[in-house]
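Both of the next two complexes hold chain A, though its partner changes from chain B to chain C.
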Partner chain A sequence: MENLSPFTEGLGIWLTCLLTLAVFSFLYRDNPIYKLAEHVYVGVAAGYYFYQAFRGTVYPNLIQHVADGIQLLNKGDAAGWTAQWRWGALVLGLLVLSRLFPKISWISRWPMALVVGAFAGLNLIGFAQANLIDQINGTFLPLGGYMTGKAEMMPFLPPAGKPGEASVLNHIILVVGVLTVLTYFFFSAKRSPVLARIGQVGIAFVMLTFGATYGSIVLARISLLIGRVQTLEESNRAEFGYPPIVSAVLIVVLLAVWRMVYFRPSDDANIEPEPARKT
Partner chain B sequence: MTAEPKPLLIRFFRALLALDRRWIFLAVGALSLIFLTINVRLPIPVSQQSRDMFNVITSLPPGARVHLSIDYGPSSQAELWPQHVVILRQFFRQRVKVIASSLWADGPSMIERGFREVLEELKKEGIEPKRGVDFVNLGYKAGDRVAIAKIASSFKETFPVDYQGNRTADLPIMQGWDNYSGIDLLITIAVGDPGATEYIQQAQSRYNVRMVAGVTAVLAPQLYSFYQSKNLLGFLGGLAGAAEYETLAGEPGLATRGMNTQSAVHMLIVLLVLAGNAAYFYLRLHGEKVR
Partner chain C sequence: MRTLVPVLITAFVGVFMILKFFLVHDGVRTVANELEQWGVVTLAFAIILGVLNLARINLKAVLERKRDWGYKLILLVCMFGMMTAGGVKWYRDIDAARAQKALEAAVAANPVAEGAAPPPAVVEARRASEVAEQRAKFTVFTFIFDQVYTPLSATIYALLAFYVASAAFRSFRAKSLHSALLLIAAVIVMIGRVPVGKVIWSKFPVLQDWIMVWPNTAGQRAILMGAAIGMIATGIRVIFGIERPYLKG
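Let's turn to the complex of A and B:
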């Protein structure tokens, strides 16, 4: 495995610190340093994605494949013809670019139709199996009796410290949750008072799910912050001249100069204010 | 009957509601920095799904083949890198053969970085897996679900060359198998779409391959239903999942260290939510218009 040279490593660390802190400067307010980091990111990402798509897909699956086929044909091997159908993929790919020319842009609908059709067909099978059949199977749960492969009966409550284990209560909650949520989203019958009540229980389950999702989102966002802070802390190395500290000072100075010399209050007016909530 | 308003409390709550949010950003940042530098180890309870994932991976025999799909990039490495490293380390220690690929364009560089750092560590233990024999980076493949369906039918057709440009048909690790019937475990470490759900739909449920996943905390709630239906044998959710896995593996690392900060910042957020609600209701109770 090749290791990075000290110069490359140092350059990488300096860029990491500068760009991380430049993005964090948005927390103060929108500013040119943040904008620079944003534009660098978009530009680099676009170039990198194009390169990876070419290197990982277009070159090996089209160019190299067809070239191998031509080599076989030159040797008199008819098997080389089987590789040549991929010219069709190239033609379809080029047809997508017809969108750039308004007069013939309608041609791009053909390859798009193929993509949409293939995508829908694949998704239909996978979705029906994993999200419908398997989920129905997963809801057919025993509400009592002997546990699979064990001699003892299913306990009413899950064992201490293992709230996710199979138990009568867990299974009841799961089955009731599925049925009541399905009832809430069942619009094919008139909402009788009984159905409405069942639906209300269902909406409580939906709210609990939203709460869990919100908690997870907070967890994820804080993790991102932790990751950046860890990177800055690890980058604070004497041999590279303490990049995070120097970068922070540099960015604060640049922000102060921008605020005092170039900032116009009208710049902030471009940002639409939040509408006031009615109380 | 309402209680007599307390001017000091009212002033405090008014100030709290008018607080510039940048102070909160600063508090969160400062708290993160402080808790990363102090060495406190809080207990990490292990969830059943993490334990199941650990047991599935531990039960793999030497020589077993694992398809490791690294479906994330540097933007989500804070959550997924600790999972990636601890799992890869375990694979190599168990002498499992790792076939890595990615559905995300920035995934192959993460795969390379993972191999580089983990192999560097394991060298000290005398474990030196060989590229092309014990592990391979097949690189990135565009196409989302279509790519997964193609991978499932033929690895060698989908990836004619590996990330280094070697022909996959010639690599020792690729001999004697070509689809999921030759794979003992499918694992994706994923940040979004395409990721765990798409692999379940296009590969696991269709070919009945054993599967586990490591995902970001945002995605984790979506996977409980697949875990319940046994499509997934176990999964890790975000940094917390990685910390649980490190606890099970007995190797506290990046995630365990990050969990102290995570807990501290969570406490701050809970306190702020409670204080904000208390201020809102208290001021409304005393007839003030609150936004």
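Let's turn to the complex of A and C:
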């Protein structure tokens, strides 16, 4: 935060600490301090995305594009007419806003139909290329000459101490894994005992994949948590009055007051209604 | 009118997008690119619609003093505050770009011999450009983004660490061979990626690397391929009007 005045820097640090701890207060239960932070977040995010949509897309792709076209036309360049097609996007965009008026909201289906058609067509090719053909190409590799381009075999076993390196065994595991998982997900025909057995191996690979993915997700979230704690620790500066400690005390006091004075069990979304007693 | 027109639009645009890939024809590509841009702009308007709708619903709740109207008022203030701050930032960016152009024009109009002091016009333009750039760099918008949006966003995701950990505690139970595999893979990946894993057993990082590169890739690839086939099938169904998700609501 270089080049900021001490007041602005202090204000930023205080805001960061208060809001961070306000969100963490949800660990106690849903409470007004968390709700405040939540609404601030939604409001700021909505304003930010509005700004991004307008400045990042509507202005350059519509307003600027059409204005450039008009400038070209004023200079006598007929290429400017091509840019005038973009008025169609403005019409479609305004039709989207018809959703705000229930009587004519059905018109918003037209622009949405265009969006769905455009991205269905684009994704059809994109997914076929990236997620199907490229994945097949990357899986079924020739075992000879793969690494060097020469007609030589890759080692059967990976080098000692480096089991992650490419080897015949690892590639066999990859191919077997892909084929068995695909077999497991193949529901279009009645499952014979052989297919069922192959599918069982597929489930094992799926479980390994889910386990590895879940482990990665847990670690990613924990590293985010460590990042937040580090931010609080770095913000604990005497010149600004120890913002994290004071904020934590303040939030705890406010929560205690809220719990003792204002809390009503019916407001608590975490409490499930008691099951009806059998008579 | 309400059903046929959207179906025809989807079919026409979808087929054009596919043709764009297969036909090397300037006309087809130009039309497809223009339609794609229309889609991009329409999506941006959909975001604007979402924000306007959020404003409308919350404003109504505030005016009618409905439950939690105070929070909704805060939401509206933050939203319009961020939009206004964004407008100011945009203006300052334009100002900075203008000052930069003025500086380039001043430099071009006043060539300076090597080693000589720059003329006052260039010095003044440079100073104005630096001031404008500083003003564009440090705005209320960037302040709110850095000190409010980013910490809130990161903390909300960090909060999930507690829930993911508690979910892991419940799901990682070796009741069968397959659930044991899930448990083993997750534990090896988690331990292998933290420094203490290497201290416990030096092979943990190597083993986690192998799991991530080979069995995990095998599973991920098969899932990706299955999803791609599903996407292609759904895309075809949507383009030919067999499935019409945009007609709902």
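Basically, the second predicted complex is superposed on the first by the 247 of 279 C-alpha atoms of A that agree within 3 Å, B and C clash if a C-alpha of one lies under 4 Å from a C-alpha of the other, contacts with A are read in each partner's own complex, and residues count from 1 in each chain.
The rule we apply is simple: a contact is a pair of C-beta atoms (placed from the backbone, for glycine too) under 8 Å apart; a residue touches a chain by one contact, two chains touch by 3 or more.
Everything numeric in this text was worked out from a predicted model, so none of it was measured.
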Note to self: Just checking: does A:Asn131 make contact with chain B only, chain C only, both, or neither of them? Give me first, second, both or neither.
What the structure shows: both
Item checked: Partner chain(s) touched by A:Gln230 [first = chain B, second = chain C, both, neither] -> first
Next item on the list: Mind working out whether A:Phe101 is in touch with chain B, chain C, both or neither, as first, second, both or neither?
Entry: neither
Next item on the list: Classify the contacts of A:Phe156 with the two partner chains as first (chain B alone), second (chain C alone), both, or neither.
Entry: neither
Next item on the list: Pick one for A:Leu19: touches chain B only (first), chain C only (second), both, or neither.
Entry: second
Next item on the list: Spot which of chain B and chain C makes contact with more residues of chain A, would you?
Entry: C
Next item on the list: Determine, under the contact definition given at the top, whether A:Ala53 touches first (chain B), second (chain C), both, or neither.
Entry: both
Next item on the list: Please indicate which partner A:Thr209 is in contact with in the superposed arrangement: first for chain B, second for chain C, both, or neither.
Entry: both
Item checked: First (chain B), second (chain C), both or neither touched by A:Ile222 -> both
Next item on the list: Considering only the touch criterion stated at the top, classify A:Asn123 as touching first (chain B), second (chain C), both, or neither.
Entry: both
Notebook entry, point to check: Can you pull the chain A residues that chain B and chain C both touch?
Noted result: 1, 3, 24, 27, 48-49, 52-53, 55-57, 61, 65, 118-119, 122-123, 125, 127, 130-131, 135, 138, 162, 164, 174, 209, 212-213, 216-219, 222, 224-225, 227-228
Next item on the list: Note which residues of chain A are touching chain C in the complex, please.
Entry: 1, 3-4, 8, 11-13, 15-16, 19-20, 23-24, 26-27, 35-58, 61-62, 65, 82, 85-86, 88-90, 92-94, 96-97, 99-100, 106, 109-125, 127-128, 130-132, 135-136, 138-139, 161-164, 170, 173-179, 181-182, 185, 202-219, 221-222, 224-225, 227-228, 231
Margin query: Which residues of chain A touch chain B once you look at their complex with the stated criterion?
Written below: 1, 3, 24, 27-28, 48-49, 52-53, 55-57, 60-61, 64-65, 118-119, 122-123, 125-127, 129-131, 134-135, 137-138, 162, 164-165, 174, 209, 212-213, 216-220, 222-230, 233, 276-277, 279
Notebook entry, point to check: Which residues of chain B touch chain A in the complex?
Noted result: 22, 25, 28-29, 32-33, 36-37, 47-49, 76-79, 81, 105-106, 108, 115-116, 119-120, 139-146, 149, 158-161, 197-198, 200-202, 204-206, 216-218, 220-221, 225-226, 228-231, 237-240, 254, 257-258, 261-262, 265-266, 269, 289-291
